[in-house]
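This is the structure I have questions about; it appears just below.
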Amino acid sequence: MKSIILRAGTRYLAGLLLLFSIYMLLRGHNEPGGGFIGGLIGSTGFVLYAIACGTKDARSALRLSPQNIAMAGLGIALLAGLMAALFGDALFTGQWLFIGDRESGDYIPLSSVLVFDIGVYLVVFGSIIALVFAMEEEI
Amino acid sequence: MEALMAISIGVLVAAAAYLMLCRHVLRFIFGLVLISNAANLTIFTAGRLTEGRPPLISYGADAPVANAANALPQALVLTAIVIGFGLFAFALILMFRAYTSLGTLDSDRMSLAEPREEKK
Amino acid sequence: MMPAAGFLAPVVMIGFALIFAAVVLALYRLIKGPTLPDRVVALDMMTIAIVAFCGLAAVRTGQAAFLDVALVLALVGFLATVALARFAERAVERRAGRDDRDV
Amino acid sequence: MTWLLATPLVLPFLTAVAAFLTRERSSGRWVSVAGNFLFLIASFLLVARVLQDGIIAGQMGSWPAPFGITLVADRLSAVMVVITAITALAVAVYALTDINRRKEYLGYHALFNVLIGGVTGAFITGDLFNLYVWFEVMLISSFGLLILGGKPEQIDGGVRYVMLNLISTILFLSGIGLLYGMTGTLNMADLARIVPTLENQGLVTVIAMMFLVAFGVKAAVFPLFFWLPASYHTPAFAVSAVFAGLLTKVGVYSLIRLFTLVFNGDTAFTHEVLLWVAGFTMVTGVLGAAAQNDMRKILSFHIVSQIGYMIMGLAILTPLAIAGAVFYLVHHIIVKANLFLIAGVAERTAGSTDLGKIGGLYKTAPLLAVLFFVPAFSLAGFPPLSGFWAKYVLVQAALEDQGWVIAGVALLVGLLTIFSMTKIWAEAFWKAHPEDRDPTLAALTPTARGHLLLPIGSLAALTCVIGFFPEPFIAFANDASTELLDPSGYITAVLGAQQ
Amino acid sequence: MNNFAANLLFAAVWAIFSGGFSWISMTFGFVLGYGILWILQPLTGVKSSYFKRVYFWIKLIVMFFYELLVSSLAVIYDIITPTLQARPAIIDMPLDVKSDTGILLVTNLISLTPGTLSIDVSSDRKTLRIHAMFADDPDAVCHELKSGMERWVIDAMEDTPA
Amino acid sequence: MSAPADPARKPIGGLVPTALAAGLFTWFATFLPEVAAGEVVRLAWDWVPSMGIALSFVFDGLSLTFALLISGIGALVFLYSNTYLAGYKHFGRFMWFLTAFMLAMLGLVLADNLIALFVFWELTTITSYLLIGFGHETTNGRRSALQALFVTGAGALALLAGLILMGLEAGTFEISEILAQGGLQESELYIPILVLVLAGAFTKSAQFPFHFWLPNAMAAPTPVSAFLHSATMVKAGVYLMARLYPGLSGTDAWIWTLTIAGGFTTVFASVLAVKQTDLKQTLAYTTLMALGTLTLILGQSGGYSMTAFVTFLVTHSLYKASLFLMIGCVDYGTGTRDADVLGGLGRRMPITAAAAGLAALSMAGLPPFIGFIAKELAYAGALEVPSSVLFVAGASLAANALMFAVAGIVAFKPFWRPAGGTETPRTPKEAPWPMLFGPLLLALLGLVFGLAPGLLQGTLVNPTVMGFMGEAADPKTLKLWAGVNVPLFLSLATFVLGFLLYVVHRPFRAALNGMAPALPNFDSMWDKFLDGLKGFAAWQTRVIQPGILRVYVFSTFTTVLVAISGTMIVKGAVPAMPDLSDVTWKNWALVALLIVGAVLTCLTRSRITAMAALGVVGIGVAIIFITFSAPDVAITQLLVETLVIVLVAVALLRLPTLRLEGDASWRPLDAALSAALGLTVTLVLLAVLETPLDLRLTEYFEATSWPDAFGRNIVNVILVDFRALDTFGEIAVVVIAALSAYALLRTTSERKDV
Amino acid sequence: MSETIVAILLLLGGVLSLLAGVGILRLPDVFTRMHAATKVGTLGSGFIMAGAAVFFGTSDVIIRAVLIVFFLLLTAPIGAHMIGRAALRLGITPWGEDKAHAQPDAPTEENRDLLGQNAPRDPGPGT
């Protein structure tokens, strides 16, 4: 696939997709989005990259092996669940830290739930990329 | 509307089953996609359908609007879709490998795991 | 936001009807083909129609959340088109014996 | 308390992640062994607590039942977790030699440990959709394990396995959707509470049959077992051992769970169906085995046949029968996994598992002969090995219940099981090897011998222990049966007394 | 494109996504954008001045809307009239624009111009193949595009003096 | 077998079990005074109390008789084997098996619990299997082992059912309790219990028509034949009948079954014994005859019969073990067991000849041997039988006469008649003393007990008979001279007839061989049975598991259909006609899009069109999610749909078209099944939708999502908080799907992974 | 007032979408159909988004609507380019062109399945 147009478009679209995916991930707790959707969008960014530039470039851009990303995501999600143990709660009990004033709505919420969603994101992201890359390379 | 959904799910299932009964495994895969969609719609419909009221809590409110759509089946379906994709991808790649290592996609002609002459 | 009311409600329904008509026409092209690119164009058209559908749904229900669906689709929808087009192209190249796997 | 439940579930996944991320180092393989050892300890702690306190339940995420996901361990669940851990540890050690670097690189340890995690989850979850999730976890990791190695017959077997199991999975998912549509809940204890109050009990039975078919495919009962003999002889031996031991049992477990807890309103119909299924499963499985001439194929068909016994226990539904089914489950996991492990050593030593191509193991591998003899004759139901007690309890239960025909079938199938086990014994062990063997074949390094025979020996010893000292196990099974037949304890443990 | 410029762009887009240009969202967007650019490093190459780009982008977005609106009318007319008046043809247009982004813009804008659709760029980047719907005079169409759209893009984009 | 002895292994390997057996024998002997005094000693340990199974043992006349025979003969056999098999590669294994057998057999006869008895019963079966399979490298050795295992195993399973029924009927598994409380004969399960128990006993004790495994079991080495297949194990069936005699006997069913089976077996076996040329085979058939006789006797009642049972039991064990061991000595000394080859060994092997002679005289029932007394008692018992004197006495007479002839063939001819002309493989020489000791001692005991029957009378015979008959016990006296009576005349007739048969045994044998094809050959029927079994199994498997995926899918779908729709019809759970009047045109359009896509996927022959049609279905489903308020789900659906197309577009590059050569005639059937399935799903779903949905869970989520879980997107809160464990499992699925698919693409076909 | 604008925008968008559909149906070849889908279809969606933006009138919706249109405009030409390129390589002759001028890249005979003609037989694996 030697499409100059597609490659040029991909340069922006892939970045946009990644950015957009993280946006969808972070807002997911309050609006449509979340780890699954974010991960799917993020992976399409790299899928597009692989289609336009080949998987070799895409892999080197990704730096980490997608399987490792996915597996690390699973680990992160699990650790998010295990965090509750530190506070004496059951597995997967959400732990929240609000930086700022919650009453006024001006605050940054940090939570194990978000960490979990990031794990979900990485899993979906890494898995789909691993699938598509392997498929691309094999065929 | 639920009744109509029930009927269309039936049609989806029938089409899927017909595809899955084919000895061409690629068609089986297509059937799999259809039947997964049917299963997802079954859950979705079993949780009842609500038009125009997504289960979102608007800013400033503590709860969604009254009679908002049932969120639970949505969550179940959402994950079922992603899982379904994983299974589909695996199945597709399996078919691909089957074709390259067995030389056919005709399941009638696949006889390595269960050689048919052996029984004699 | 409140759902569309008054004369806007039937207008939205007309909008839906028009979009559906477009989808049906695209569907016809999709079935009829005859060539793969024809079908891809039809599928692409349907994707764009769903973006419009989401916009109408948002107006009809007063829920901006449906625009998020449209947003995702607008950004990602063309990927299917690209993949299918590339499929056709690579199939040709494969058969002509000059497959360039990576780029 | 909740962590006692959660730890056995979490450990396999942690192990999987750690083993995968270290897979390129030589120490990575030991992560799996260590993780499974910890898993075993955790499972013992769980069963100890269950023995002490009775049914325990924990709310994941601290959301009260039935809103969050509940993990529950009664005796049945706890013992299944323990037996899973035992099998997993045995296979993890065996895999040190049986699984090569390439397969490790491709993620064997992750696939294996996630499989174990899925199995564990299925045993201790108290939530129907969560059960579906664990089924999926098991299913997909079994897919990966099945094809690892990439031999064409593996791929072919994989196609059959994948397609038929996917049908079951989708049926299961739809069944959950429909049951939710009727009851509005997913918590099994809650379901047990609500289902009897539903107006349309006929429809409940219909849904019950859906679950029966879905789990029936997983459990490999007649006429849904095709996928099993079509695929179980193809993967690596460590893999087929864990499949043979655990996977179908999850189906059986689920049938026992749902058909004692939730679908217990129309037993005259459902359990009559189960009884027919049990009979045909026993007979068709054992005859299938009689027609085979390959160790693993014989053993595969025997899984089917043996599943019939467990279903028979469930179908009879007396306290003794359920106890028999529980005992049978435990016994069969140990024995069947071990037989597949032994088949692997036989292949390494004699060059094949095709009975026509091998022989002489009685002479060349006397220790292996002893180690095979124990599980094989246990499977055939000879006393005083575990299989005897399993069969004995079920036959007595059938006779007590005046189930003359099913008791007769059970005994007759036992006889045919003897036939198959002695066929392997006679052909692989007694018969002289039909040809001059490649001398390199028999040369197992001491390390390899240790990796392969240690788990086999341990499982065989366990078989003997259960056989020689069955009382604690049977008493346990009786208690488990009492818990199962009176769901109120389960419901109270999950939902609290006020329900 | 300059890394810094791209970075800011991402920060801005992030702020848009987040629903407002606050310092928190801009900073976070900048950090995120940095990460993404870092990932995409193998793709980025040409250096260019950053202020020009911002202006250019804003202008381009406006152009997109305008051109699209105008370009559709001819096609719509032909669709709704019973007989097809179009004289479609494939035209090969020599290409002067050099950079990837430039080529992308030219092709996209041509695609959104009445009756023309970019089909492909030759692998030596010298020729753009166009499908024109109303190509009664292919050379005229070609000339119009070269002096209009392509010229405009080169003026706006490329550092080389016209 | 005659490999050079390995001196290092010999002394220890065999002597330990010998000492064990001798020690046990001594220990058992210490019970004699108590038992003789009419006491019953019980020892019991808990085993499986929850099932009422205990390791309880009883020492009474019957069990002690058996226990002494087993341990005593066992000690001699171990001593014998120590020499006979010295140097054999698997000597250690052999001794282990033999020891295990002895212990199991002792457990069997001593057990006072039905299930414990069964456990030991099966242990003897297994050890017997392993011992018969001693010559396992020959097809015949394996066949014989399997045959013995299968036949006795089949019987054992019936026995198990019988024992369980008996235990359930009696409410206990303790034999002594069952027998004490009685009443089994009146139970409505009596006949099933009797049939099942006798099935076990008859197979184990090789009663016609289950006899054929025993002669084949002679494939085992001679000590095994002596110990298991003549003296002890085969008597387990007889033992069981004797043990349960007080509980089961006395009915017409009991009398006729045992009389006919025993009588037929005894005559049939005696005739066949004459037919054999291999000395071991000859002895095997005489064992059958003895087992038949014992069964026959147990069919009767009365003091003479019961006394005869014990006496004959002991007598037979002594002479038969002696003769088998003697044949081993001959085999050891000459290298053959062919009666037609052997001759004139008397001078070269005098001690063997003496032992053989003594044993044979007892076997022939000549005075002053115990065999004579046993025979007299048996005739007396037969004459007690009121209903079938002629049959029982006639059978006994015929059998005893034949036995007389066989005694001559086995013990006289090889030693004292000139050889048949053929050289034996080895120059005959006497076996070493450890081998001679056993046969000689056993043979001598036959003489000793004959001369001093009182040794048996009080210690074993009387307590056993009392055990059989309880209060009404009427044990008869064992004596050589009982006066001139009918039994004496029968004895004389036996000798005359037996001598005549011995003289004409060669022509008789030839005549029998001529008749052979006309007789039913149970041994070859076994082969036919096995072939039939395998053939049926193969046929069944071909039908059920034909290896064609399409058939599997079809069967699975059919099962689904039958299970669901069948239940729906049976349970009358069919829904009412759906009301579609509330559906807007827009929703009709949605559904139409979905259906068109599905049908198109089904019908198209182009994979491209199929793929596009799937895309349409995906889009349709997404629109449904949008319409019915599920934006998250719709986004996910669309993203996944896109990725599906991407993957398929890659895969299709290497995959063929949808066209296949070949038959498609079953497709209408597929279509019918599919349609029925679709209809069923619709009906079930409609029925479910008739039930009002309880929204408790959702209401809870709505109420707590923001206040407690700090999230406004309830779907997402459910995913990452309320049901995070589900989500965790599902991302594990996703990871593993990717790993599996990756492994699938990258794994290379490999043969061996060492 | 704003409701009227919304109504006009939505109707306009709907009509344009329909016209795009008609174009796809009526126009003679894939190239001309692409003109309809890419431009008219995008424009239709754009009007509807504009309608939605006016209807809601809040900044977040407006931004979203703008982004949607922006994304469509960015991606639609790229998609069209890919399709057109593939069509040329498949050897599809533009309507109204003579074959020589079109310079199709590949022989049509082998690509019949992609061109909707009778598909060739399964060529076997590994091709």
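To keep things simple, chains are lettered A, B, C, D, E, F and G as they appear, and every chain counts its residues starting from 1.
One rule holds for everything that comes next: a residue touches a chain if its C-beta (ideal position, glycine included) is under 8 Å from a C-beta of that chain, and two chains touch if they have at least 3 such contacts.
Being a predicted model, the structure only gives us computed values, none of them experimental.
Visitor: Could you see whether A-C or C-F has the larger number of C-beta contact pairs?
Guide: C-F
Visitor: State the chain with the largest centre-to-centre distance from chain E, centres being mean CA positions.
Guide: It is F whose centre lies farthest from that of chain E.
Visitor: Could you please state the distance in Å, as a whole number, between where the Cα atoms of chain D are centred and where those of chain E are centred?
Guide: The computed centroid separation for chain D versus chain E comes out at 61 Å.
Visitor: If you average the Cα atoms of chain D and of chain F to get two centres, how far apart are those centres in Å?
Guide: Spacing between the chain centres: roughly 26 Å.
Visitor: Using mean CA coordinates as chain centres, what's the gap between chain E and chain G in Å?
Guide: 17
Visitor: Compute the distance, rounded to whole Å, between the mean C-alpha positions of chain F and chain G.
Guide: 75
Visitor: Please output the residue numbers of chain D that touch at least 2 other chains, ranges allowed.
Guide: Only 13, 20, 60-61, 107, 110, 129, 133, 136, 140, 143-144, 147, 150, 152, 159-160, 163, 167, 174, 178, 181, 229-230, 291 qualify.
Visitor: Would you mind listing the residues of chain C that make contact with two or more other chains?
Guide: 16-17, 23-24, 33, 36, 40, 42, 57, 61, 63, 65-66, 68-69, 71-72, 75-77, 79, 82-83, 86, 89-91, 94
Visitor: Which residue numbers or ranges of chain E touch two or more of the other chains?
Guide: As it turns out, chain E has residues touching two or more other chains at 107-108, 118, 120.
Visitor: Which residues of chain A touch chain G in their complex?
Guide: Going by the criterion above, the answer is residues 3, 5-6, 9, 12-13, 16.
Visitor: Spell out the part of chain D that touches chain F in their complex, as residue ranges.
Guide: 13, 20, 60-61, 63, 66-69, 98-100, 102-103, 106-107, 110-111, 114, 117-118, 121, 127, 129-130, 133-134, 136-137, 140-141, 143-144, 147-152, 159-160, 163-164, 167, 171, 174, 178, 181-186, 194, 198-203, 205-210, 212-213, 216-217, 222-224, 226-227, 229-230, 236, 266, 269, 273, 284, 287-292, 301, 348, 362-363, 366, 377, 382-384, 388-389, 392-393, 395-396, 399-400, 407-408, 411-412, 414-416, 418-419, 422, 426, 429-432, 448, 470-471, 474-475, 478
Visitor: Which stretch or stretches of chain A touch chain D in the complex?
Guide: Within the complex, chain A contacts chain D at residues 67-68, 71-72, 74-75, 78, 81-82, 84-85, 89-94.
Visitor: Can you list the residues on chain A that touch chain C in the complex?
Guide: Against chain C, the touching part of chain A is residues 1-2, 6, 13, 16-17, 20, 24, 31-33, 37, 41, 44, 47-48, 51, 53-57, 137.
Visitor: Name, in rising order, each residue of chain C that touches chain G in their complex.
Guide: 1, 4, 6-8, 11-12, 14-19, 21-26, 28-29, 33-38, 40-42, 44-45, 48-49, 51-52, 55-56, 58-59, 64, 67-68, 70-71, 74-75, 77-78, 81-82, 85-86, 88-89, 91-96
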